[in-house]
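Worksheet: the structure to be examined is printed underneath.
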């Protein structure tokens, strides 16, 4: 456990001290400022627009962190062999991989927590100045949506970990992770589209079969997008929260454990 | 008992589809307690391969490697090994204190011991005044010295150094040689590779010459002093083995 | 080697079983959540939904702002949008609200401008029906629907139905049930329209929309004034006047009110007050 935690900690430190993270924070702050200005252009549902923009900014900044820093944290270890320093110590490869995964999750947690709190500012401002009484808003749902952004990023971290465990260079891992993210984000919509339009278009059985496989193989990332609910203060069932959270935990376990199996057999010449 | 032992190891690398390169061929070697063993050979002879096998970074195709009588795959023995990779590269944004703290913790040391050892080691390698700077601002020689400190933080019984002298200026090389002699005086076993002959000659008890993946000669230079210059012997062995590849 | 595989394989099997179980649960929970959000899409919206990934709300904002900017540009250049352009605006509002079913602005913008500006009340009502379905807590939507049915379609029964629907939603004004009851009296058409518009004005801050309402309200008040004068004339002389000038000639009123749309008021064949501008 010490080994896993130590790896997680240096991974996190290396990530948080990276200069790119300042860039990401500056982009996020600019977007928050832009949100505050942009909302004045809308008529009534101003809080909705502010929530959309704020939560999208948090999510976007989190994704940038994972794709530019998270992937790179693996990439440097494997491409430049920083990993020698770790696995020449009493740290098993599984411990290394799990520690690395947890370090990246910790990094995305800190980014989401920091930006999640900052993201409330444009919302508070828009609520103060342009609140329309028929609009619904609930801070609880807002922060549940922020937590779900974090869960989504944790799943993306697990995917990055899985791909980094067997690809020979970090760029391939980056591309694969991005593809998995996009597929995971859209399978549910594609599946819904195929289900709702069967009579109108000819859907080949192979296509719907492939979509079905993709739905079960790739994570259903859209299940962790609660921006609409936050924007309109729509209630979320407790059962929804329980099942999606369990799903996330199981999915991450599968991805990381498969990663450790692949990593055990890997050589570092 | 042998501290390090290679038993009939062959290591093949895949270099392409159905193509392979043999880095080590039927390689056997025993290194004894308290000895400084120098590993000599032209570039690409397989020195690094042999060292990486000991650290379980790569796996032998056939044969087995053991340290202190235990298989190298056993994670516990790594508490007793200090390793400096060739051209080491560490985390860019961390400073030596953070790196040494990580190394100490994973080797099972408590934080008080880590702090004391960090200070003495960084003084030894001459980086104490630079300890708060991130590694990315370090020169190649400084990185090499951080690597040495990392290899020694947990007071290992066996020290394995891959090309510890490359990239260092004459003063740095002298420091490394003094360090190896100090380790020897503390009763540690040191196994290191180099292609700088005079350095090896100054500190080693025994020398192994590796050419094209084969161990062609082992010399005990402490008990029987050399009759001819080491350079001459080395070149002769390389030519006998058909010259260095490439 | 074999023993070290026991834990990972055990963990994977457990997680696979758990995942297979939860993914079905998640699917059904998602269906429920998305039903509230709405599914069954027409093609362009569907494509937009997929391309938008998780940024559907943002896409809705973009689609809406684009149409609004276009319309605003037309207004500034003092051009009237063509029929085709109105349809394009309607489709944009439809897509924006498909991406975000709760987004009030495209509903509001679309419904107001399509009904008043383009005389496309049917499209406006389609948007409002969708809004009423999703924004099921917002009483103003059925209220607008009721007004459209009453004012543009003269369908008092439908109008009363929507007003009662609005009355059941939280925060609605007390006036609604009374207004719904009044709609059954045909004769009170102008008065009812004035009450509607006064309530709508109270909920409106947008300058353009306020101006539309205020102009209409002035015209309606003028008509009500004339209708009352006609009733007084009828009571006094026991016959209908043939021309509005007769009201001044007989001293019922001192002068004719102005039509804010720039037309002239007159008495139609059926005895109702009309204006040559047709309030357009």
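The chains carry the letters A, B and C, assigned in the order they are written, with residues numbered from 1 in each.
One rule holds in what follows: contacts are C-beta pairs under 8 Å (C-beta built on N, C-alpha and C of every residue); 3 or more make two chains touch, one makes a residue touch a chain.
No experiment lies behind these values; they were computed from the predicted model shown.
In terms of Cα centroid distance from the overall Cα mean, chain A ranks first.
For chain C, the chain with the farthest CA centroid is B. Chain centres here are Cα means. That of chain A falls 41 Å from that of chain B. Here the CA centre of chain B is 79 Å from the CA centre of chain C.
Those residues of chain A lying in contact with chain C across their complex are 41-45, 48-49, 51-53, 55-56, 59, 94, 132-136, 182, 185-186, 188-190, 192-193, 196-197, 216, 220-223, 225, 227-229, 231-232, 234, 236-237, 239-240, 243-244, 246-247, 249-251, 253-254, 257-258, 260-261, 264. Those residues of chain A lying in contact with chain B across their complex are 2-3, 6-7, 9-10, 13-14, 17-18, 76, 80-82, 84-92, 267-269. Within the complex, the chain B residues that touch chain A are 13, 49, 52, 55-59, 75-76, 78-79, 81, 83, 85, 88-94, 98-99, 102-103, 105-108, 134, 150. Chain contact summary for the complex, chain C toward chain A: residues 4-5, 8, 11-12, 14-16, 18-19, 22-23, 25-27, 29-30, 32-34, 36-37, 39-41, 46, 49-50, 53-58, 60-61, 65, 100-105, 108-109, 135, 137-140, 171, 205-206.
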